[in-house]
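Next come two complexes built around chain A: one with chain B, the other with chain C.
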Partner chain A sequence: MTTDATPTAPAALPAATAAGNMKPPTRLSIAGRELGRAAIAVIIAMIATLLIVFFVSKSPVDALMTLLTAPFSRVRTFGLWVDDVAKLTMTGLAFSLVFQARQFALGVQGQLYVGALAATYVALSPIGQTWAGLPLGVLAAMIAGGIYGFLPGIAKARLGANEIVSTLMLNYIAIELCNFLVRVSLVPPGSGLLTTDKFPKTSLYPVLVANTRIDLGLIFAILCVLGTWFALYRTSWGLKLRLVGHNARFAEYAGIKANAIMVSAMTVAGALGGLLGSMFVQGQAFGQLTVLFEGGFAFEGILIAIVARNRPLAVPVVAMFYAYLRQGAQLMNIRTDVPAEVISVVAALIILLVASQFGLPAWLKRNVLGTRRGATR
Partner chain B sequence: MAFIEARGIGRVYPGGVVANDGVDLSVEKGEVHAVVGENGAGKSTLMKILFGIERPDAGTLSLDGRQVHFDGPRDAIDAGIGMVFQHFSLVPSFSVYENVALGSEPRKGIRFDREAAIARVRGLSEQFRLNVDPMPPVRTLPVGQQQRVEILKALYRNARVLILDEPTAVLAPQEVAELFVAIRSLIEQGCTVIFIAHKLPEVLEISDTITVMRQGRTVGTVKAKDVTEHELATMMVGREVALRVDRAPRAAGAEVCTVSNLRLVNARGADVCRDLSLGVRAGEILGLVGVEGNGQAEVMEAIAGLRHVADGRIVVADQDIVPLSVLRRRGIGIASIPEDRIAEGLATGASVAENIVATRLKDRRYVRNGLLDLKAIKANAVRLIEQFSIRVNGPAVPVGTLSGGNMQKVVVARELSEQPKLLLVSQPTRGVDLGATQFIWKTIAAARDAGAAVLLSSADLGELLALSDRLLVFYRGRIVAAFHNREGLSPETLGTYMLGLSEQSPEELRAGL
Partner chain C sequence: MNEFLLTVFSAAFLATVIRTSTPLLLATLGGLISDLSGALNVALDGIMLIGCLTAVIVSHYAPWYVGVLAGIGAGAAVGLVMAFFHLRMKADIIIVGFAIGALATGGTVFALSLATGGDKGTSINLPSGAVPAVDLSFLGAIPGIGPALVAIFSGHSLLSWVAAFLVFAIWYFLYRTPWGLWLRAVGEYPAAPEAAGIPVNAVRFWSLIVSGALAGLGGAQLAMFNFIGFTANMTAGRGFIALGAVLLGARHPVGVMFAALLFGAFDGLTNVLPGHYPWIPPELIRMIPFAVTILALLLFSYRAQRALALRGVKA
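Let's turn to the complex of A and B:
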């Protein structure tokens, strides 16, 4: 019925305008490019650190050596590093998940506090004295965090409330709620400290390596990395979430309920944030609830997620590196005359360089990397 | 030596895309010089170089016998070159004269001398027969007038050379005619016009000389009077093309989709259309004609489930689909090729395979127990890439790296991989090159022949006339005319209805419906 006047089958198309110079961007080459970019960002940031240390320190070489080697100098400091890696991984995952759905929800901090509160109530109740204290504490923390992630999600879906504003406000509410509850009811009578009693042993994470902070939290972090990766790349929920993140209008057109996916992503990320709260208070590092225990830690996840490009499998790698720097800086702070704040400069530089997708000057690319960006970019 | 001489222009974009590779262009003073070529042929890059937005990596540019270097559009404007882009840069709330004078206002002391600006704009408008009133705010003007405001902006800055980038893409036939009057008047008064286009009949009508580009190179320059449309098309594509779909008349089947008394409202609550009724039968293509913004796109969105229905019924396959979700509607057999593939039809950051499976996430072939069957998804994508000749290096490549035509083929492949009952098609070949256009037309016609009811809306009347069995003309949310597509139905006839200049009587309408 639809015959042509001239014999030109569409099959002739590919030959007609073969571009010829297009190399297929394999997954490996993309990963390599991202890795190279991250590595260069780190090198530039380290050079800046070097300069700063040389300017502020009387003995710059000692300071630098401390920064670069101290975390692995003893088993105890190694434990601090692993503990930091586990926690940074969790907050990085929580942010990656919402960022993949293109929701700029910054609520991990609040989820962390409500999760910690929930875990604390379980641990300090009679249940906390039994074997059920540990799992129920974790569960309660995840549910609390999940609800705390769900709230800004549903507010956005139903009322159009901007998630950046609502999550930041909810963060303050959670911090002050924790503050209030600790002061009025959780502090043991007569104590002058703003901290609860130590949790019973049955509610604490078991230690994995003796005399270190390495505990069950590490296992949770590993499971969450694998679980998040699986959910994002192997389930239809994950594909829907990523499609919503790429283009919400397209998702609606394709029959995906973008709002429902958005709310569910924020809820699941909230549960991860809640679990992180439990890792703090039920873990070996604290084993109790203290006001303001988190000290802005949750927001480090934004850096992790940005540098890892929201890829769950890249999150722990970035966390390992960043935790090393953090620990090194802490030890440098204690042992030398350079303040730990130096590391904020490093972090800021890395974020700037990675987030701006900086392009290297052409000569540097040719001479140093020997690569050219693919034509398909 | 010609008035404008570009010799051996080369431009390689960062990333290695060779946009211009030794392009030559010579434009004589006082002529309309068309530059034609498929998408990606390098026309726009060449024009950006002429206007100083891009700097060439190689080659020379001379104007009126003198070599010139433009470091930015400012230099080009100072040299007397003006450019009207496809997407206008006008301030909607400002009046015409304010838009025209913006940035080069006449002053009286430190005050903006409005009287002088108005007089100047009115003078230019009369001199070049542009027919634009300087007073009304730009947002109240139809697209054709807005375009002439852009031309005024260039003339106000003393442009002697005007570059028009696909000026007719957004215009109705009558508006095109008015634009051509203006272009002729510009030429009479000594201006030179460079006209970028890919609708060949228009090119042949308005231009004196035509330069054809293909894959970043100049294929040749010909006089308009010495060349036929077919020859031009062959030069553009580099092989024979037949932009025609042979439609055998056939008896349409039962009515698949019936829209009755539909009322739609926009975000501000104003009626987009009211009391609108139409029906499409199996095995026919119903063309929705109208200048953009007259309700045809909204009706399609309402049927697809992407727009709230204020009132009325939409019945597809004997059930009212208004309360159904997008997914349920797709389940009944409604497929849709949306107007804007990048904004709506694709997730450009996701892979080809993911884009193709996106509408089938409830299908047990690809998703079981919530888990993706990556093998099946990939195999399906590979099969469709083959079947629809999509030029891509495998199913894992992000869709955003494909050319416009290939992106559109991904959409078409997804929507037509299974025979739909009702197919909604908007602007299927906008920004798509001739080769892909030919392929997409045939695919749509094949879906019709296999029994789909097709609703087609397009800004390209040639496309509507080539494909449709029947045509409905929309004006301000109403159907003002209905035709059976027979020999002799001309774009001009449709145009008078599109612009609201005339309206069929109820009897004539009923005959067409």
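Let's turn to the complex of A and C:
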């Protein structure tokens, strides 16, 4: 199974060949190199944050301390972090899946909205009052999200329609659809509210830890991580999917229906996106549907997927770090004079650096890491 | 209905179309340049947004033309950053585009908040300049069509005329100069120009910079004429619609101009429709440009695929 260790890390290959007649890289050495690159990227991004905070803040030390320590300071903020990790993991997984198939589908946002809408219709119907409200809401959300992922997939397979453009447009359409349906059919007519009633208890995710937002969504996220990993690395579908992602033409020659695999990957990712929609509206955080509730959250999954190199098992780890930064930034925004949006600068830097095939400068390698490189030979 | 059609085919509506199309056309031209050089620029929307904010902030302190130039400069600088990460650091151009997009959505709000002292929504407390309109009322002296010409062509942003000129200039550059040939060759089949001794990487570098500059100019037009001032996320997906317009326009300057005008027309329709059909929900009207982009994308893809099939190429 060395094949599944090398591919998603094409960046690692030139470094290996450049070093000359090295042994083929093992899984461990690649994992180590990836970790090292991610660590360097995070360090550079943190230095940049430091500089920005020092530049804009009147009390930079306070701001930085808040950013770095506040998320774990109380049980409530810890709960916020766990909730954020679960949701970031879901969007990261959805992006990882389509990225592994080498489809730059950005439809998670739209899937999230249609999934949330489907879950809301179930929860606010008479079914929502019964025990079936929870599972049917989740199911409806996944089906709606799956369909919303399937559409750009089939358009790409049949017509070659660029999936970046189509998914982005579908996102905007889903947002307006949500605005429309909430106003017209989900709130009492004439009320002018932009938020539905609270869902009945039977349709909400049960709480796992009292007085926090930690709920069933966390279990769903863990199951989805394991499920996605299993599907990608332990089933023939996953093997085909990764093969299509590496070289669709080769996969075709090998008798794999590349288009069918691609469409299925986008559909499954859509179902994950839909489930995330349900996690939002049926979870403890909201328990109702509000227009524009997502606020661009889905796109954070791109960063998660890129830094995790599209590996399902790495996704939650990255999500934990990133959620910590996000929560820290929110608290810094509330308690100090640094806007939370500073985090987007950090995020962009991390993406750029992780995606780059940067090596360390030659002089640094020689002087500092020279011994380590000798050891691997 | 008749009244509505009269509105749509009126001179005033054509003027609206030109107005709504201009930022889109500028961004689309930027997308065209990078697309022809072989790099899909998914950061157009983000670059426009950065161009908007830069133009607004600079024009608060300096004359309008400095604001516009700053918008162009900011766009070019972002293009330079993209080129650096894509070409020197070998990062995937689409991922670089995502990163710039993330930087732009959050970074502009961050910068706005710093510039206005805490306002994260709009630059309303930061009065900014506007691009002057070009007055062509002397055309009214022409008998017969004069008044119509004035209604359609007078009072547009100077940048609308610049955009129209750029369509011609870019066409000339692409199809009548050696550098244009280089650019198209690099996008088509990089190995050939490489073998011919053409500096492939330099061509790609400059394409991304110019692409960014054009998107930045589009942003300046958006924030200094279509709207005055900056609002968070004010591009509202225009940069992504521009990507669709590049495809729909068959990657030709004149084609993309018509595509941008088409999208601009539907954008203008969203302004006109509520007046005539108040019963149509505004949310559905706002969906129109996006739905049209998808339809256009499907149509274009279908035609492109059929053209390939006719030539016997398996897509």
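Heads up, the rule we're going with is that the second predicted complex is superposed on the first by the 339 of 377 C-alpha atoms of A that agree within 3 Å, B and C clash if a C-alpha of one lies under 4 Å from a C-alpha of the other, contacts with A are read in each partner's own complex, and residues count from 1 in each chain.
Here, a contact is a pair of C-beta atoms (placed from the backbone, for glycine too) under 8 Å apart; a residue touches a chain by one contact, two chains touch by 3 or more.
Quick caveat: nothing in here was measured; it's all calculated off a predicted structure.
Trainee: May I ask you to decide whether A:Ile43 touches chain B, chain C, both, or neither, giving the answer as first, second, both or neither?
Mentor: In the superposed model, A:Ile43 contacts neither chain B nor chain C.
Trainee: Check the residue A:Asn247 against both partner chains and state whether it touches chain B (first), chain C (second), both, or neither.
Mentor: first
Trainee: Applying the document's definition of touch, where does A:Leu168 land relative to chain B and chain C: first, second, both, or neither?
Mentor: The second partner, chain C, only.
Trainee: Looking at the overlay, does A:Gly255 come into contact with chain B only (first), chain C only (second), both, or neither?
Mentor: In the superposed model, A:Gly255 contacts chain B only, not chain C.
Trainee: Who does A:Leu239 touch here: chain B (first), chain C (second), both, or neither?
Mentor: After superposition on chain A, A:Leu239 lies in contact with chain B alone.
Trainee: Considering only the touch criterion stated at the top, classify A:Phe104 as touching first (chain B), second (chain C), both, or neither.
Mentor: In the superposition, A:Phe104 touches chain C alone.
Trainee: In the superposed arrangement, does A:Val209 touch chain B (first), chain C (second), both or neither?
Mentor: After superposition on chain A, A:Val209 lies in contact with neither partner.
Trainee: Return the residues of chain A at which the contacts from chain B and from chain C coincide.
Mentor: Residues common to the chain A contacts of chain C and of chain B are 11, listed in rising order.
Trainee: Across the complex, what residues on chain B touch chain A?
Mentor: Against chain A, chain B makes touches at 14-18, 215, 237-242, 244-248, 250, 304, 306, 325-327, 329-330, 336, 338, 343-350, 354, 357-359, 361, 367, 370-372, 374, 389, 391, 393-394, 396-397, 401, 435-436, 438-439, 442, 445-446, 449.
Trainee: So in the complex, the part of chain C that touches chain A is made up of which residues?
Mentor: Chain C residues touching chain A: 40, 42, 85, 89-92, 94-96, 98-103, 105-107, 109-110, 113-114, 120, 237, 240-241, 243-244, 247, 281, 283-284, 286-287, 290-291, 293-294, 297-298, 301-302, 304-305, 315.
Trainee: Over in the complex, which chain A residues touch chain C? Could you list them?
Mentor: 11, 56, 104, 155, 159-162, 164-166, 168-170, 172-173, 176-177, 179-180, 183-184, 296, 299, 302-303, 306, 339, 341-345, 347-349, 351-352, 355-358
Trainee: Spell out the residues on chain A that touch chain B in their complex, using ranges where they run on.
Mentor: Residues of chain A touching chain B: 1-6, 8, 10-14, 16-19, 21-25, 27, 234-240, 242-243, 246-247, 249-257, 359, 372-377.
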